[in-house]
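Each structure below is given as structure tokens.
Next come two complexes built around chain A: one with chain B, the other with chain C.
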Partner chain A sequence: MSDQSAVIEDIREFLGQFVSDPSVPVDQDLFGSGLVNSLFAMQLVLHIEAEYGIAVSNDDLDLDNFRSLQAIAGFVGRKRGD
Partner chain B sequence: MGIERSLELSNSDALVAEEMEAFAQREVLPYASSWDKAEAMDPEVIRSLSKRGWLGALAPKAYGGQDMDPLLWGRFCESIGTASSSLLGLPTVHGMAIQAIARWGTDAQKETVLPMLASGEAIGAFALTEPEVGSDAASVQTVAEATGSGFRLTGRKRWITFGNIADWFVVVARLEDKPTAFLVPSTNSGLKITPVKDMLGFRSAELANLHFENCEVTEDAILGRPGFGFSHVAGTALDHGRFCIAWGCVGLAQGCLSASMEHAQEREQFGKPISEHQLIQRLIADMLVGTRAARGLCLEATALKRAGDPRVIMETSIAKYYASQHAAKASRDAVQILGGTGCSSEGHVERYFRDAKVTEIIEGSSQIQQLIIARHGLMQHRKEKRKKATNP
Partner chain C sequence: MSEHIKCVVWDLDDTLWHGTLAEDGQVVVRQEVVTIIEQLDRRGILHSIASRNSHDHAMNRLREAGLEKFFLYPQINWGSKSESLAEIAKHLNVGLDTFAFVDDQAFERDEVRFNHPMVSCFDALDASALETVASIQPRFITQDSAHRREMYQSDAHRNQLEERFSGPKEEFLASLGLKFKVANATEDDLRRAEELTVRTNQLNTTGLTFSFDELKSFISAPDRLFLVASLDDRYGTYGKIGLALIVLEDEVWRIQLLLMSCRVMARGVGNVLINLIRQKAKDAGVRLEAEFIETNRNRMMYMTYKFNGFSESIKNGDHLLLDGSLEDIQSPPSYIELDAKNIRIPVTG
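== the complex of A and B ==
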């Protein structure tokens, strides 16, 4: 499993705490589809900071970084310098 | 939960915690009722908090704060909460502004504003609630329009804690329909601040209504990014606010318990202290157990906060919900035990009763907490079921 796939599966597992069925397509817009709410947004930030040892800052506040499982994995990869 | 639960303070922090408790008992509690009656906070006590470095203690050390340990901060809120909920409102909202800026501010915002807030030279406050927007906070109606050189804010904010004396406001508005946070100084000529009086509780918390009319701010006044003002900036601030209120409610309930036990052992009826009557013992037992349970939930949230664990958000919500409900019940029962004395403003219990009710409403009402806690519980349950089905 590639690093990106591993991150996607980890975020999917995390997402499972917030939605009935986390088996969503990797490119599904989590926020635009109304699947998750603002509480998820901050918990996601804390999760990826704790899990991947990165700091999410002002500069990272771009919906394109958090929109989908794929986007989140890409963001984590860029922050880690993968 | 996999988190170290036996929380302890370092030796030096334990001494500070004792100093905080002594400060609250000596310099806050004896005056809290007079501040409440005057509906104003004594500037001297605010200076005392600043001088000790406690007001801005959560700010990062790099900006003059202390990066205070969450457990010591919790103990601070508990101590102040025992003495004055109104005063507790100050480190709550000031800390909300600090947390929001430290987390999501630009370097320039951090360098300009955080040192002032850390030292207590300036006071911060958080402006989210509006005349038509309470629990549905993401639907704020205050509008920000781009002007070419910055933004123009138009709208009203209501019941802003310490709004009367704040120097900086974190204001949530809509920019092109996206919730967006702005940092606005109280000196802005487009901001009119009106004191709010005659509230049920938190009467000396310097509440104010804010009216933004042609309130021009520069481009660099945005805190965070457009669209992230509620989910991330307000989310960070409110999580801190709930943490403070939860711990403060433990303090308030402890105050009720102390006052009730003191009175029940002195007051005699039917030839013996009322503490020997079993119906009074029942009230005291519930008060004691509930206070310990609330403290336990606060400690759970504190352990997660220390660890930077995302579960802190839900656990803080749970702690705030329970602690505020318990504080309200404890204060009702304390008034009952103290009888006429409990109804008199000569003591503290009557004030506890009024303030405790407010804690069930601020930083997310009990009903909103119930909604998110229940959803969280149900989702956890489904997740466990899925796991069991996958790995029977």
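== the complex of A and C ==
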């Protein structure tokens, strides 16, 4: 669990490079709420791959995997196999 | 060497000029090299420098000779030339397979070749032959190619501003005042369109190329929508930077080719163009599909489709057919002003 919150904090920091207020609830739909767009999603994928050394496959490229901070952390956790 | 050369990287000592700056103090610029640089520059070929020298000393000499303006992201340092080339490629955002490197030292050429086998290396003695190298001859020169260096220089200026900008990217993008215009292609756009299909590898969904005559026929074809996109901001124009070719059938539109110049990768306009096409398809009451041909370099475009409502429906080796949802179409981000009011949809059937 602590691992997941560390990922959430890292992604929140990354989000802060894009938007002025990244202090959103962990389950907020980042795209649906208009906070970020698909450009962010693409940069996020590159960030996750570099930061966590995971390979995001074509099948993983589904917005649902990246929709909220919680979803992103869950996805990273699954890919890391923990 | 099938790729087209987009950038020539020059050594300085005994290549751009006679002699060694650090030892001889005064060096004489080789006029025949300057002539080639000027000629290639007019054709839209970019130039840079990889030299082991004192940066300020060498830049002063280039400034005196009036040559400074030709070189983008010059690398004058004591590191290896292969690292310098990688640095230039990173800044320009173009692949090293589109680079030529000119140096009088066989050792330096070998070092570059060893680390980057895709770079075309030339001896400084053969510099005048560069002009006739086939891969460096564009078939024609467009308005965009003649201004390419200036456009990259504006980019360099923007990049500096972006690095210095401490706030979030969104605020930086908002400060640019981006204007993205999409319109039907006209005859004036054809050469640039052909150039884009040849030059663009990374942000290209299928890599399909078409002859000038084919492209011309698409302008008036009743079953084609051929769009050209341009981008401007307060620092100047990025030129015509994108195009989309869509096959129109009665019940379905199929995006055959969609590409964006890699200079605009970080501006998010590819997403805007795809969503504009989705909206137009929705308005026309048709389904939307997109062809995709995977290469090892166009993953960003695959992501652009996937994150904008497309999913794979048919996969045949590298060839994919994507199905586009017409629900939840993202409107352009607030930092981009979209002008698509002049798009005319041909009447099919």
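In this text, the second predicted complex is superposed on the first by the 81 of 82 C-alpha atoms of A that agree within 3 Å, B and C clash if a C-alpha of one lies under 4 Å from a C-alpha of the other, contacts with A are read in each partner's own complex, and residues count from 1 in each chain.
Here, contacts are C-beta pairs under 8 Å (C-beta built on N, C-alpha and C of every residue); 3 or more make two chains touch, one makes a residue touch a chain.
On a predicted model such as this, the values are computed, not experimentally measured, just so you know.
Superposition of the two complexes onto chain A shows a clash between chain B and chain C. Between chain B and chain C, more residues of chain A are touched by B. By the touch criterion stated above, A:27 is placed in contact with neither chain B nor chain C.
By the touch criterion defined above, A:39 reaches both chain B and chain C. Touch criterion met: A:19 reaches chain B and chain C at once.
Look at A:62: by the touch rule set out above, it reaches both chain B and chain C.
Applying the stated contact rule after C-alpha superposition, one finds that A:9 touches neither chain B nor chain C. Counting contacts by the rule stated earlier, residues 16-20, 38-39, 41-42, 45, 58, 61-63 of chain A appear in both its interface with chain B and its interface with chain C. Every residue of chain B that touches chain A in the complex is listed here, in rising order: 104-106, 138, 224-225, 227-228, 230-232, 235-236, 239, 307-314, 372, 376, 379-380, 382-383, 386. By the touch criterion stated above, chain A contacts chain C in their complex at residues 16-20, 31, 37-39, 41-42, 45, 58, 61-63.
In the complex of the two chains, the chain A residues touching chain B come out as 14, 16-20, 38-39, 41-47, 49-50, 57-58, 61-63.
For chain C in complex with chain A, the residues that touch the partner chain are 167-171, 266, 268, 271, 300, 302-304, 306-308, 312, 330, 333.
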